[in-house]
Amino acid sequence: MKRFISLLMAAIMILSLAACGAKDTGEVKEPESTETAQEVQPEADSQQEEAQEPAEESKRISDADIEISFWHHMEGTNANALETVCNNFNDTVGKEYGIIVTPSFQGTNTAEKLNTLAQAGDWVNFPDICQVASAGIPTISGYDLFVSPEEMYAKGENIILPRESIIANNARTFTYKDELCAIPFSNSTILLYYNKGLFEAAGLDPENPPKTIAEMAEAIEKLTQKDGDEVTTYGLNVQVKRYQLVNWVGGEGEYNFIGDNEGGRAGLMSKVTFGEDGTLMTYLDEWEKVIATGGYKPVEDNINEEFAMELSAMAIMSSARIGKLKDLIGDEFEWGTAPLPKVNASDKGGTAVGGSGIVMFDKGDADELTATWIFQQYLGGEDAQYDFCTASGYIPMNKDLYETEKMKTYMAENPEIVAAVDQLLASNPNVQEPFDIVTGDINSIIDEEMVAFAQGEQDKQTTHDNIVNKCNQKLADYVKVNAE
Amino acid sequence: MKKLGKIEPYIYLSPALIYFAVFSFYPFLRTIGLTFFTVSADGKVKAFAGLDNYIHVLTDPAFLRSIWNTLVYVILASPLAIFIALILAVLANKKTRISSIYETMFSLTMAMSMSVTAMIFKIMYNPNVGLINKLLGTKINWLNDAKYAMVSMSFISVWMNIGFNFLFLLAAIRGVPGELLESADIDGASLYKKVTKVILPMISPTVFFLICTSLAKNIIMAGLPIILTEGGPKGSTSTMIYYMYKQAFGNMSYNDAYAAAVITFIFTLIATLISFSFEKKGVHYS
Amino acid sequence: MKKKTYQNILYQVVCLLVGLIIIAPILYAFSISFMEQREILTKKLHLLPNRFQWDNYKEALRLTHLVRYMLNSFILAGGSSLVRVIVASLAAFSFAFFEFKGKNFLFMLCMSTMMIPGDVVLITNYKTVASLGLTDTYFGMMTMFLVSVMNIFMFRQYYLSFSKELYEASKADGCGNLRFFTSILLPLSKPVIATVFISSFVSTWNTYLWPMLVTNKDTMRTVQVGITMLNSKDGGTIYGPIMAASVMVMVPTLIIFIVFQKQIVGGMMTGSVKG
């Protein structure tokens, strides 16, 4: 049975690859990919029927097909994966309900475009549905047209994605003021990537990567290679910015909100709390050990490529880069991934969920809204998540998918992804990137201070105080202008 | 026909003026107006703020640093691009059998876009695999070391503007009457003398035009930091308009963004006025 | 005499070498577009690809609809450059050949638009364009690029070098102002028209933010968006295909440039830019 399934999987993968390969230029929807999708269909259909009532009666929402516009920010191969998912929807569920989805790329920051439209009062050009990074949720949830999955679940109509299927951590990422504002879609966690060959050469156990920052510092000492005074291979490369710092500090103890109002999820975040509760200092105490090794590279130039060229033995990056690293490294050397090393050995928090979710808008037509709701759920469903995540390297947000054979097979074939999934499931849902709104400023503050700290330009206390005071200043400025 | 005479020049101007009124003056005056109010993140006017926004921006170290960065960038990029182009124009002035080939080469950078150029230089500047370190035998982190980042970025801008400047300067130099150069030759003037005493005064209107436009272009530059560095490392490549861009789109602080934009406008205005005052002294119209 | 020939050849060789140094980044990009990943990611000096292979080009075309984007950019850049030439030459005609009330003030007013950063007027302009119903249209994409004061400036400087007598003489012959403009002035302005057209074409060919904002369909995207789609933020940069896409995007502007370039320098000799 297992063999049969893996054969089937291989066939499907080859077919979907062929679909991508057939896509040359010009048209957005080609007959080729439709055909391939139909060949895949039987399998997808059988699963659907299991989940729903018999397909006898027509599910069509209205006589005419309803067109849904879907804005996204996926690039390169990820964009292809997303288009495949949309085509599959149009050929299966979309066909049943009479829905046609048209995806379109809207730049790397969809929230920025939505915001411009909202400020210009141009609601007409709003999409039905849009992929947004989690940081955009507080703003977007304030738009007049915004409809949350929370409301739709409360209505209880046309539910094809049971709410319980969404992993709690991912749901929490997109929850604002106790309201689920988006269906999680392209998610990731932060990982330690390490070069097994270099581990072995340095006398470290390649199957036992460091679990804490202190252990990591010891490993760096052993992994760093020097030619005279010049470092030829760094033990670790990572630039500590907002993303990295909130993952470390957020995971301390049981969990840590970073800022007040549950890190901005219960209301406007007005200050950071990692200063007053000492968690930032705890982190800096540990981080100092890493800096002291002299084998830590505190700025990122081309972190993927440098890891692939064995210029750094360890790197800390989002799990979304696994695919890219596989491409880059090929068979050159053995490498692996591990959960983000903890600040204290006793920490239980884990890491935050990164990435984007799907929000929907009510453009005034009840049928269109129903259709959008169905598509929104579809994107979080087993089929869509499986197709999208296996092609893009994101980790599925659908709990049930992990129980399926195909996902188990995929994980067995892609051991790098396992650490990301395990870490996600073991983390406390309260560990999240905060909704700090002035995200850009906070990111530059942390970035600048941490680099200055790492390069020995300022001591720990100064770094700590600067981060806390500057972040609080920016947050206070924002609150002053925007508090109700 | 006579009646038309008076309004005729205005008719020819009207398309441009109407366009500017709608797409430049109206939105910018609106922006100036908004700088005196508190504007919330969703773009709504909340309260009269007087000069608070300006005070806030001008006391923000990040903006002050952006002003400094912009000045460094302009001082590095504008004159150097004109100077190199001038040398090339003098070089290309002499017509030879293959001059059309190297004329094209010298001006080719004009056809390059900022983002493609940025991509190319990003690879060349890479500290590990980049061409520049390999050729120079250095290990400098060109775009990610606060000491070098702004200089590296200015260099990209210089490269991009050489072509445009060269084209104008070449045309101007070729417009210098041959007799003037010949008489200089007879006097036994050195090349340096010929350039400074004969050519430069004759082409000063073109140089002036290039200085004016490049100052304005460079002061409001934001494209390179957006594509390449996001203002880093340590804020060393954040220009004034990049600061504005970040405040508006990254932090939704339109108060800071609009005030920064108006301050930048004033800077550009001052720079232009200064160069116009030099025009009176240094530019010779034939 | 012989010495002179040698000197001449040496001079040409030096010029060529300088030219090669200047366009070296372009040549390097071209070379990288044919390299395999591991050739690019090497610590050794590696200037030329081991062999010509088109994989990067195929990959770039597979991942984006670059051909369609090029068509869109072509319409956008060609259309707006054409309008720019017409509007700018008319306005400059007025500034250069007429005396009228408020001329200097209006000229300075126009010049001041050069100092207004585009990003700050973005939202208001979007509002204007959206309320005119121009979203998702080529014309909507062009709106931001239809007039540039730089072009007016360039035309004006060029016209100023014409002798007023030419204008007066044609007037005495009973030639109307518009006739003079269309049948005498414009034909003599080929070099500046070429310059304005090329510089406009290049700059609009490469715009990103505005076309992205006013259009919502994938079929309306421009080349710059295509390159962005390859430069994945989350996955890091894939140099080969990006360079291949960049080369493909660069080629049309280079061709247009080389075709028109002779026009410019040749023509501008007769009327150099004078203030």
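We just call them A, B and C in the order they show up, numbering each chain from 1.
Keep this in mind: a residue touches a chain if its C-beta (ideal position, glycine included) is under 8 Å from a C-beta of that chain, and two chains touch if they have at least 3 such contacts.
A quick note: this is a predicted structure, and the numbers were derived from the prediction, not measured.
**Q** By raw count of C-beta pairs in contact, what's the busiest chain pair here?
**A** B-C
**Q** Please identify which chain has its centre, taken as the mean of its CA atoms, farthest from the centre of chain B.
**A** So the chain farthest away from chain B turns out to be A.
**Q** Quick check: how many Å separate the C-alpha centres of chain B and chain C?
**A** 16
**Q** Distance from the CA centroid of chain A to that of chain C, rounded to the nearest Å?
**A** Their C-alpha centroids are separated by 39 Å.
**Q** So which stretches of chain B touch two or more other chains?
**A** Counting only residues that touch two or more other chains, chain B contributes 43, 128-129.
**Q** Multi-chain contacts in chain A: which residues touch at least two other chains?
**A** Each of 119, 302, 305, 309 in chain A touches at least two other chains.
**Q** What parts of chain C, by residue number, touch at least two of the other chains?
**A** Expected reply: 41, 43, 123-124, 228, 231, 237.
**Q** Quick check on the complex: what are the chain C residues that touch chain B?
**A** 8, 11-12, 14-16, 18-20, 22-23, 25-26, 28-29, 32, 40-45, 47, 87-88, 90-91, 93-95, 98, 100, 103, 106, 109-117, 119-121, 123-125, 128, 143-144, 146-147, 149-150, 152-153, 157, 177, 191, 195, 198-199, 202-203, 205-206, 208, 224, 227-228, 231, 237, 239, 242-243, 246, 249-250, 253-254, 256-258, 261-262, 264-265, 268-269, 271-275
**Q** Show which residues of chain B lie in contact with chain A when the two form their complex.
**A** Spelled out, the residues of chain B in touch with chain A are 38-43, 46, 56, 62, 126-129, 139, 141, 143-145, 231-235, 246, 249-253, 255.
**Q** Can you list the chain A residues touching chain C in their complex?
**A** Residues of chain A touching chain C: 20-21, 23-28, 69, 71, 75-80, 102-108, 113, 116-117, 119-122, 124-125, 127, 188, 302-305, 308-309, 318, 320-321, 323-324, 327-328, 393.
**Q** Inside the complex, what are the residues of chain A that reach chain B?
**A** 109, 112, 115, 118-119, 139, 142, 230, 299-302, 305-306, 309, 311, 437-441, 444, 447-448, 451-452, 474, 477-478, 481-482
**Q** If we count contacts the way the header does, which residues on chain C are in touch with chain A in the complex?
**A** 37, 41, 43, 61-63, 65-68, 122-124, 126-127, 130-131, 135-136, 209, 212-213, 216-219, 221, 225, 228-238
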